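Below, chain A partners chain B and then partners chain C, in two separate complexes.
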Partner chain A sequence: MGDVETAVRSTLRAGEADAPRNSEVAYFGPDKPLKLDAGVELSPFQIAYKTYGTLNADRSNAVLICHALTGDQHAASPNPVTGKPGWWVTMVGPGKPIDTERYFVICSNVIGSCMGSTGPASTNPKTGEPWGLDFPVITIRDMVRAQAMLLDALNIETLFAVAGGSMGGMQVLQWAASFPKRVFCALPLACATRHSAQNIAFHEVGRQAVMADPEWHHGRYVVEGTEPRRGLAVARMAAHITYLSDAALHRKFGRKFQDRDKPTFSFDADFEVESYLRHQGSSFVERFDANSYLYLTRAMDYFDLAADHGGAVANAFRGLDTRFCVVSFTSDWLFPTSESRNIVHALNASGGRVSFAEIVTDKGHDAFLLDEPELFAITRGFLDGAAKMRGLNNGG
Partner chain B sequence: MLSRLKRDLTMADTARVADGARIDLLLVADMIAPGSRVLDIGAGDGELLRILGEQRGVDGRGIELSREGVNECAAKGLAVIQGDADTDLDHYPDDAFDYVILSQTLQAMRRPRVVLENMLRIGRNAVVSFPNFGHGRIRLQLGLGGHMPSTDNLPYAWWESPNIRFCTIKDVRDLCDVVNAKMERAVALNAYGKPLGFNAPWWFWNLFGEQAVFLLSRRG
Partner chain C sequence: MGDVETAVRSTLRAGEADAPRNSEVAYFGPDKPLKLDAGVELSPFQIAYKTYGTLNADRSNAVLICHALTGDQHAASPNPVTGKPGWWVTMVGPGKPIDTERYFVICSNVIGSCMGSTGPASTNPKTGEPWGLDFPVITIRDMVRAQAMLLDALNIETLFAVAGGSMGGMQVLQWAASFPKRVFCALPLACATRHSAQNIAFHEVGRQAVMADPEWHHGRYVVEGTEPRRGLAVARMAAHITYLSDAALHRKFGRKFQDRDKPTFSFDADFEVESYLRHQGSSFVERFDANSYLYLTRAMDYFDLAADHGGAVANAFRGLDTRFCVVSFTSDWLFPTSESRNIVHALNASGGRVSFAEIVTDKGHDAFLLDEPELFAITRGFLDGAAKMRGLNNGG
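This part shows the complex of A and B:
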């Protein structure tokens, strides 16, 4: 790829932070600050979001989709930066399990991200420069608070459903804990009530890779006219391995060579799996901001529902009417089934209503984003059942 | 005498209603007060929870060991979780349910006593249905045939059977005494899937009942 093309792409991507394309933007002025767990207020700020489908007359068919670490609001429509289809088109759309002919689907970019909601890549109105490391550290709870403010702005009191996987699943759990009366049913997929030590460790490797890149300039790379491309690419490569599984990598690549039939006795990408990872790293850099990566991984690290509720997750769910559908995947070693089971046990202990299924797949953590017919059947069945109880008819 | 008994039992099998298992479920459902909170252990494909929800307006939950069963239940919109009753009941608080149901699963438990005690702790009532290994035809297969029985209700060969705790109606009655459970109601079904007379003696039920359903409560 030529330097010019790279520069153009970087500029286009950077533009998303303040003026996202193909998105709605809700603006919250000085009268509506976002109170953060860090003890400071973020103000003014904005949230970029997309909606699909139609809100019904009594405003009861809204479904909030929460995206994962590097996801965005473009769940079911093409991504303006990559030109690729939305990240959850398998799940969200007309006739899909989260049926946009039936539900009014909202997907917002989390704060701290870089696709139009306020984050470290956004312009700090006080300085006219990107926030960088001056941006306050945010938490999953802060993200959910911001989403609740968006719903207030859209005049939606209760959500029929909140759904998401991985970091999106953490937001789903936080939604039920923070706003139990506003969530009729919840689908936390491939997630946990807390980030494990191993997961924090992986995130730290990623952050250190970014910060070790001399082009990072303590987060001031935009002002310095540089970009920590190599550091962020390495972070993504390491993280990407955790999203797959040993079996999936072996099935896809084995020990196959890349465009050659024998080793070159060099450090070229001899193996297909190396070439694949390098591609994952470099294409990620085209679409994501390095500082946002630091902030969002940090938010996940801080997530611990039990710690926020007197040491027991069950306290977070006490007295809930929300119906849960928890799903895990057998080959997911980032958020293994045991983590989902903890969610289920906590819900049982607090008398919650929960369905829980573990789906057999070798696709690893990313399975929730992929073609998993069983996941679709379960989501569809769960939402159908909940819709009946909610009194939503087929016409929405 | 024995051959006549054998013939009668075989005829009973032929005449047996095709949907015999459903009769068992309906009988269980009949013991559940409308609108109550129910935990179904070994929910299978969710048929009982569906019946309870539709006919009794029950707030139902389920546990099922097999992944296929759980996923089928979840896809039906039922609140069923993948879990093992032998270990996972410990996570439920006391008195969480009005009824805890264990249908056709007691004989597959590693620790039936602990499971039954847990059921009576979690629920105010327990409903247990189970196949009767004391049934005449089973006795004949073992006693005269000399091999482990295999019937329509219990179709497995011994080396692949999930049933690891063979028990008769009398045996389960004795277990109820051991765990200090009070027998509120007991029904035995014959091979036709019909309830045997309520006033029949236990030995009669134990010989002619293909399966039985007990409604239990905590004593004292």
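This part shows the complex of A and C:
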């Protein structure tokens, strides 16, 4: 990609933080602060969101989609920065497993992100400059609190369903724990009740890569007119490996050379997997803010449902009426099936209602975003059954 | 560690490249060039090495130890830069599994490294400056060719054994393939016949982290008076995660906070695993050269015994008399047991002699460097049996 295109995209992306295109924005003024786990209040703040489908008369068919680390509100419509289709068009849309002809789908950008909900890239009204590291550190619980305020603003008391994978799945679990009466059914995919030491370690590598970049300027890169592109690209490259599986990398690339038969005996991208990774790194920088990356990885690291509930996850779910469908993927080594089993065991221990599926795939953690017919069938079946119980007819 | 100590160590380490302390050095002049796979000759060059024990009268008790990516010749004696014990004192020494009272142990720094064998940190005689990126890209086969020249210089025709783990294990396999008549028995540990796509990907992240550091200066950091410390530290952090297992990280650190009970809601090293990783990164920079890191990771990426032998690893081993003992570790996800099984299958297919052990441990890839009693017992038993066949008596 040329330097001009890069500059244009960076500018487009930076603009999203305050004025997101193709999105609705809910503004929460000084009378409605967001109370954060860090012990401070964020005020004023805004939430950027998208909706798909139609809310029914008794406001009972709302489905909240929670996005993953670098996702956004554009689940089922084109991303205004990249122009690419929404990140979950496989799952969300007319006739899709999360059927927008039946359900009113809401997807909001999480607090701390950079696509229009308040985060470190947003303008701090006190200074007129981006928040940067003055933005308070947030948690998954804070994200969910903000989403609940959005639902209040939309006058939606109860969600028919809340669904998401990875960091989105953490939010799903937190929704059930924080607002048990507001969630009829829940679909946490490829996630865990707490971030493992290995996952914290990978996140820390990414943060160190960003912070090692002299263009980061302690988070003040916008003011300094720079951007920690290389550090953020390295962070993304490391993370991207964890989203795939060894088998998927082997199937896609193996040891194939890039546009040649033999090694170059140099540090060029000799292997296809190298140029693929470099592309993943550089294209990510076009669409994501480096400070948001720090904040959101931190939020995932802090997530620990057991610690928040007297040491046992089951306490988080006690007395819950929410129906759960927990899904894991065999080749996901970032959130392996054992983590999903822990969710199931906790729900069993608390007397919850849960079904569980482990889907056989070599696609790794990212399987929840990809074409996985078994995931689609399970989601459709689970939502159909829950909709019947909820008394939602086919028309919504 | 203070800045002064850091500077002292960096200077000490830089000195090792040309004039390694506590090491022997074999010098190969213009009449003895090293013919490299890249199609060029390296000349002159030197190999730094250590020996332990005594060579017997018929020169039949030599054991070559091959070190891993960031190892060196100081297998069983203190490292002159760090002052720490040798990296394989658990395995090598008087009465140890590789018993220096019986065997004459040789351990040489590989070509391309930075501890006294010629590599990118060494002075290029043509310029009087460090080679940097003018150093030719090398392969595992080149390392082994250089080791064979060292044995010639020591007037040792045949090795009783060659042993090593990880990149060292690759050299062990290459020894059997390149010099089948010179190796009586071979101990490749925690290795593979080729580097996987995922492993290449992790190496590429490390290289990109180094090269993204502006202090790297296209490899000319010594001349520029800088050092890509932060980039190399990030590379090491990412790699270090792959050397451990999820279970080991969980056992050692879990989600324990560093010197406190609660999160700081900041980007400080809140979790113990974070400060551990940061320490791994910063201490590595004290003892290793960034360009060497690029060259040696590249050599591992290029390693592919099958590609070198008409597409089948078995071809590399055909007609071999060498006895093999292949060892893997259950929790090693960098070189999983399936890779060791491939070695065994190839040896079986070529009619070779091989025993195989998979050791149950949660210590991950690094298990071959750690206190693993089963590894010690297997190594001792294998070498004892081979020594009997070789007619080595207890005195060597």
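In this section, the second predicted complex is superposed on the first by the 396 of 396 C-alpha atoms of A that agree within 3 Å, B and C clash if a C-alpha of one lies under 4 Å from a C-alpha of the other, contacts with A are read in each partner's own complex, and residues count from 1 in each chain.
Going forward, contacts are C-beta pairs under 8 Å (C-beta built on N, C-alpha and C of every residue); 3 or more make two chains touch, one makes a residue touch a chain.
If you're wondering where the values come from, they're calculated on a predicted model, not measured in any experiment.
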Practice item. Based on the superposed arrangement, let me know which partner A:Cys325 touches: chain B (first), chain C (second), both, or neither? Key: first
Point to revise | First (chain B), second (chain C), both or neither touched by A:Phe356 | key: first
Practice item. For A:Gly385, decide between first (touching chain B), second (touching chain C), both and neither. Key: first
Review point. Of chain B and chain C, which one touches more residues of chain A?
Key: C
Check your understanding: What is the contact status of A:Glu204 with respect to chain B (first) and chain C (second): first, second, both, or neither?
Key -> second
Check your understanding: Touching A:Leu154, do we find chain B (first), chain C (second), both, or neither?
Key -> neither
Exercise for review: Report, in rising order, the residues of chain A that make contact with chain B in one complex and with chain C in the other.
Suggested key: none
Revision key, fill the gap. So, in the complex, the side of chain C touching chain A is made of residues 37-39, 133, 136-137, 194-198, 200-202, 204-205, 207-209, 211-214, 230-231, 233-234, 237-238, 241, 244, 246, 249-250, 252-255, 263, 265-267, 269-271, 273-274, 277-278, 281, 294, 298, 301-302, 304, 307, 333
Check your understanding: Which positions of chain B touch chain A when the two form their complex?
Key -> 59, 61, 67, 70-71, 73-83, 88, 91-93, 96
**Study point:** Residue ranges of chain A touching chain B (in the complex, touch as defined)
**Key:** 323, 325-326, 341, 344-345, 348-349, 351, 353-360, 374, 377-378, 380-386, 388
